[in-house]
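Per-chain numbering from 1; labels A, B, C, D, E and F assigned in written order.
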Amino acid sequence: MTAVRKPARTVAKNRPDATKRAPPAGRNRRGGKASRAAAGDDTKITALKLRPAKLTPDMAAYFKLCEEKLGFVPNVLKAFAFDMAKLEAFVAYRNDLMQGESGLTKLEREMIATAVSAQNQCYYCLTAHGASVRYLSGDPVLGELMVMNYRAARLDQRQRAMLDFAVKLTVEPWMVEEADRARLRRLGFSDRDIWDIAAVAAFYNMTNRLTSATDMRPNSQYHAQARSPRAHID
Amino acid sequence: MTAVRKPARTVAKNRPDATKRAPPAGRNRRGGKASRAAAGDDTKITALKLRPAKLTPDMAAYFKLCEEKLGFVPNVLKAFAFDMAKLEAFVAYRNDLMQGESGLTKLEREMIATAVSAQNQCYYCLTAHGASVRYLSGDPVLGELMVMNYRAARLDQRQRAMLDFAVKLTVEPWMVEEADRARLRRLGFSDRDIWDIAAVAAFYNMTNRLTSATDMRPNSQYHAQARSPRAHID
Amino acid sequence: MTAVRKPARTVAKNRPDATKRAPPAGRNRRGGKASRAAAGDDTKITALKLRPAKLTPDMAAYFKLCEEKLGFVPNVLKAFAFDMAKLEAFVAYRNDLMQGESGLTKLEREMIATAVSAQNQCYYCLTAHGASVRYLSGDPVLGELMVMNYRAARLDQRQRAMLDFAVKLTVEPWMVEEADRARLRRLGFSDRDIWDIAAVAAFYNMTNRLTSATDMRPNSQYHAQARSPRAHID
Amino acid sequence: MTAVRKPARTVAKNRPDATKRAPPAGRNRRGGKASRAAAGDDTKITALKLRPAKLTPDMAAYFKLCEEKLGFVPNVLKAFAFDMAKLEAFVAYRNDLMQGESGLTKLEREMIATAVSAQNQCYYCLTAHGASVRYLSGDPVLGELMVMNYRAARLDQRQRAMLDFAVKLTVEPWMVEEADRARLRRLGFSDRDIWDIAAVAAFYNMTNRLTSATDMRPNSQYHAQARSPRAHID
Amino acid sequence: MTAVRKPARTVAKNRPDATKRAPPAGRNRRGGKASRAAAGDDTKITALKLRPAKLTPDMAAYFKLCEEKLGFVPNVLKAFAFDMAKLEAFVAYRNDLMQGESGLTKLEREMIATAVSAQNQCYYCLTAHGASVRYLSGDPVLGELMVMNYRAARLDQRQRAMLDFAVKLTVEPWMVEEADRARLRRLGFSDRDIWDIAAVAAFYNMTNRLTSATDMRPNSQYHAQARSPRAHID
Amino acid sequence: MTAVRKPARTVAKNRPDATKRAPPAGRNRRGGKASRAAAGDDTKITALKLRPAKLTPDMAAYFKLCEEKLGFVPNVLKAFAFDMAKLEAFVAYRNDLMQGESGLTKLEREMIATAVSAQNQCYYCLTAHGASVRYLSGDPVLGELMVMNYRAARLDQRQRAMLDFAVKLTVEPWMVEEADRARLRRLGFSDRDIWDIAAVAAFYNMTNRLTSATDMRPNSQYHAQARSPRAHID
């Protein structure tokens, strides 16, 4: 299943710093006083009892890759793993969207994901994608801004319009009209870029709701990731 | 790609009545006064100019099946057809969700899709899924109720709770908590059913936004479909 | 009571097609599987038990006219018929507004009625006025658009502004100011036209609430009315 | 036109104190510094230029009665006076609703009118109906509470539920269901009372929007009316 | 404590008319039928049972000054008097803000206080600050407009923009950006004026919530204050 | 000025870890690639140009204490420093509220501050108080939960009710009533505790708006503070 495997590799090489940071963070947690708030994060990924299915070879390989490169398998994948057809479809859709070719950088896609998730107050997605923004930008403050209020970030006009479109589409999709698309075009976005902005914003409106509906808990490793400023990656 | 082909066949046998009704409706339209409101439906599927890619054999077969069985290829598929990876991922995800095994009937999944789309005032999805509810239930009024205000429908407690959950998840996902899941369980939904309710509601929160962002126009054939009461199908 | 009788006649000649379509629809319903969603529509018009009063001669004549020309007496009239003063006052106000002289066409007034009712998710009014838009325009799609999201309709600037004003007045009446009226004037609306737009929007904000408060059920005949494209009437 | 004349008489005897207070208030205004905020109240009733029509004898008599008993003709009547059919229909509907027989006292109907108008932030209706609440209750504070936040008033359970229903119907009519009606019935309201609560709430949702749309200005005499505590009237 | 004493003096000379009006109003209340709505205003200031602390000499002097000049101690001060540190801090902050040097007049600050309180439907603050607007402006109608809908007041562009900023900051603070500040600057506000507009709007967002949380009751004397037009004071 | 000095000392001993972390974080920032998002944080604290006044001896001592103990003077203090009366009043009010005696722990007060700020999407306050929650709890995840969606935190019933009250008071203060207070009492909160919950929630509704209105930027040191789990402090 090429479509899935290729993005998987992209994810794989994506997070050298996650790989390094995760273990000590893990050790600290277990060694110190258990956090009340995070209690249960590791043992219970969602509020639903769904028996894990046997991983297909493709998915087993993908999970292994995640372990090696991220230090963990993102909980959203484990949550889908009760049904291989669902897991494969989700991974294929998600990886094409976030890792595939696009006029938007990966960082920009993660910025959209995070700003959308903030509107929906989604704990899982804010945690995971806030970490991605910090990691890809090398700018921890940018991650916080996407979580807290993207309007407070000092963005150029183009990125600001991109997020305004994504957030309007999240909050009042029925109000999006030609004038909104025209503004994006004036700032240099192609019609394909507009599709991609919409598709990413739309996708996280989906995952925000799936994770909220199931009380999905993010892997605790995300919290400490990429908290120091560093070089820009994307 | 089995995952895609199988659901496609399910769709195929799904709409005998659509197949029969569509052509006369088409003739009427062209023969009579062109509708101002619908003008452009046939020639421009979205507001974005995206060049169609060459269909993969799988997708070509799927489109052909749609033509044969529905009398048309749903515009959302044509809209995705600028990129085969995106189209295949969308079809796989969508067909597993809406046609795959579930404790929810297909009609129930379409009811969720429509009630969610009503919250988001999504013209495309209300048109397509309102038609599906009419078709699968054999009850044209039920389709209208899902579009207009699902709370006015005379549903049993179980279906009402299912839609309340889906709509709350749509409107204020951050407020969904254990009490909401507990209510569904008390009414007989399994944890897997809860996943499915959430997954369908979440998915249409995605497509509502993708179609609104791109001003996607529904195939005009939907409007006249299944407007007379008939036997229940699902 | 001239004011009432005259509009009554206008209604009367208004719906030849309703007259013809209603009986078969009625037969189908009774002959086939009873629709669960619509069950009770015919036997219980509202959730309130209010004993019908004896119709005054004026009102008896008006109901008879409705039967002859529409094939039924609209349920809202039956709902008011527990008190003749209330019924007469409602009919007089409503008919002057919707059938009397105005710079707005009857179709435009029905478009406003439907778009307003969509904001208030009013099942009764969406059903009845959506049917009127389909009938008067000869364009079934236009009726659907008013119900689903008027912003998706391809309207000229003038009609769009008319609906924007009506919807803003519905959703946040406290925000309507001189700039809103000025925009209507620039697009050719007279001050009298502005009154009429406001009066129609305001009236359906009233009826939407009266029907929602009482769970008023629309006559089932509306659903099938004017579902095929035909010549424009208004 | 009996229906109109009778309520008119009811209004007439209704406001001895208004009659007495209005003239000095008027004198003060003219004698002192012109109020900036109120400027134009007397010379321009709405933002629309609509030439007054010749009053019908019924309406002329009704206006005369208002002058004699209230000391002024309410501006909403003057605003409708460009068209006698509209004026008569409005007066008939309004007077039946607010002055006719009902299980609700006149004060209770005015409380609903004011609490509804507060949700819609309607300057005209809050001014006129706040004055009515003060006058009919003899309790100036009750008028202020209806304007500012009816939830802060120390009402009995029955009146509180009445206002809760009216306000829910105003703010989210699509959410009103059998449970809401059942609560009213449990507190002693008959089905007819429920109709009246709904009808009054619905009507002021209409007038709030008509006056907001036209920037209608209340007669300045209302402001000083019934500002001292006195005996209860209704 | 100079900071507190000086504003106290400013308050003191501020309300000659309050001083005169309050006693008769008090007498009327006690002599006549007890107002149901206002019942308990005098005996129970908030819903919380908090034992009054011994007033510090500064606060005792300040309360005495209020009695002499206003005819009463505002209930918000009594509510804070369970803890002298809290009372002194509140008085110091409040008096500096509302009585201290500013490019905004005292009337303008009270207009902001009232318009903000209207958004939050705060009974206590609308009562107290609506009275202040009436008193300081000598225009009873202006007070009502700030309570009911400030947009209906005929304000100059500068004061309108000031209130628009304060209300936006109240309703959607996260949307306030440089463009909002730029608009104020264009209309002549200095950066210090912008701070003051924001600080007053922000402060009443605090007090609105503290009084709502505790069901704080305004002194009944406010209601009758400054109901007749008179000279402008501020 | 004892009231100010004492809380200042409390702050002082409060943040040993901040003191240690801040300097390296500062060095990293300056040594590495400048963060685009954070650019200007250090040079421009707000969007308003307000000339700093000369610090009074009390305030100079307080700023010095902050430097020594926190490693920096919180920007909100520098923002107020254009006027010593305002700065002193703010510090007195704030320190009494957050550092003074209370039935709520300091951590609980910071949890309220953060959950309130999340509703208002306030970048400054989320940054500063999210850091405080992390620091005082020793649980970095708890800080993130308060920022992202406090409902996802695994809190006991008492703390959950405390935050529910604070957030309701933030979002719809006009709806807070006796039932809300009664729920807090049932869970063990005293009337004084209820005052404190309300006062903290109200205060951050003030500061959220003051910082949003002025685009106040948090000290960049907050972002990296207390990101590792450690012992509980409060």
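Just so we're on the same page, a contact is a pair of C-beta atoms (placed from the backbone, for glycine too) under 8 Å apart; a residue touches a chain by one contact, two chains touch by 3 or more.
This is a predicted model, so every value here is computed, not measured.
Novice: Please identify each chain that touches subunit B as well as subunit D.
Specialist: Touching subunit B as well as subunit D, we find C, F.
Novice: Between copies subunit A and subunit F, are the contact residues mostly the same numbers or mostly different, with half as the line?
Specialist: The interface is built from the same residue numbers on each side, given that over half of them are used by both copies.
Novice: Can you check how far apart subunit D and subunit F are, centre to centre, with Cα atoms defining each centre and the answer in Å?
Specialist: Taking the mean C-alpha position of each chain, the two centres sit 47 Å apart.
Novice: For subunit A versus subunit D, what separation do you get between their C-alpha means, in angstrom?
Specialist: About 54 Å separates the centre of subunit A from that of subunit D.
Novice: Would you pick out the residues of subunit A that each touch at least 2 other chains?
Specialist: 121-122, 149, 174, 177, 215
Novice: Pairs of chains that touch, anyone?
Specialist: Pairs satisfying the touch definition: A-B, A-C, A-E, A-F, B-C, B-D, B-F, C-D, C-E, D-E, D-F, E-F.
Novice: Once bound in the complex, which stretches of subunit F touch subunit D?
Specialist: These residues of subunit F touch subunit D: 174-175, 177.
Novice: Could you list, by residue number, the parts of subunit B that touch subunit D in their complex?
Specialist: 149, 151
Novice: For the complex, give me every residue of subunit F touching subunit E.
Specialist: So the residues of subunit F touching subunit E come out as 3, 47-50, 82, 85-86, 88-90, 92-93, 96-97, 100, 120-122, 165, 169-170, 173-174, 176-178, 181, 191-192, 194-195, 197-199, 201-203, 205-210, 212-215.
Novice: Which bits of subunit A are touching subunit F when the two form their complex?
Specialist: 25, 28-29, 32-33, 35-41, 118, 121-123, 126-127, 137-142, 144-145, 147-149, 152-155, 215, 220, 223-224, 227-232
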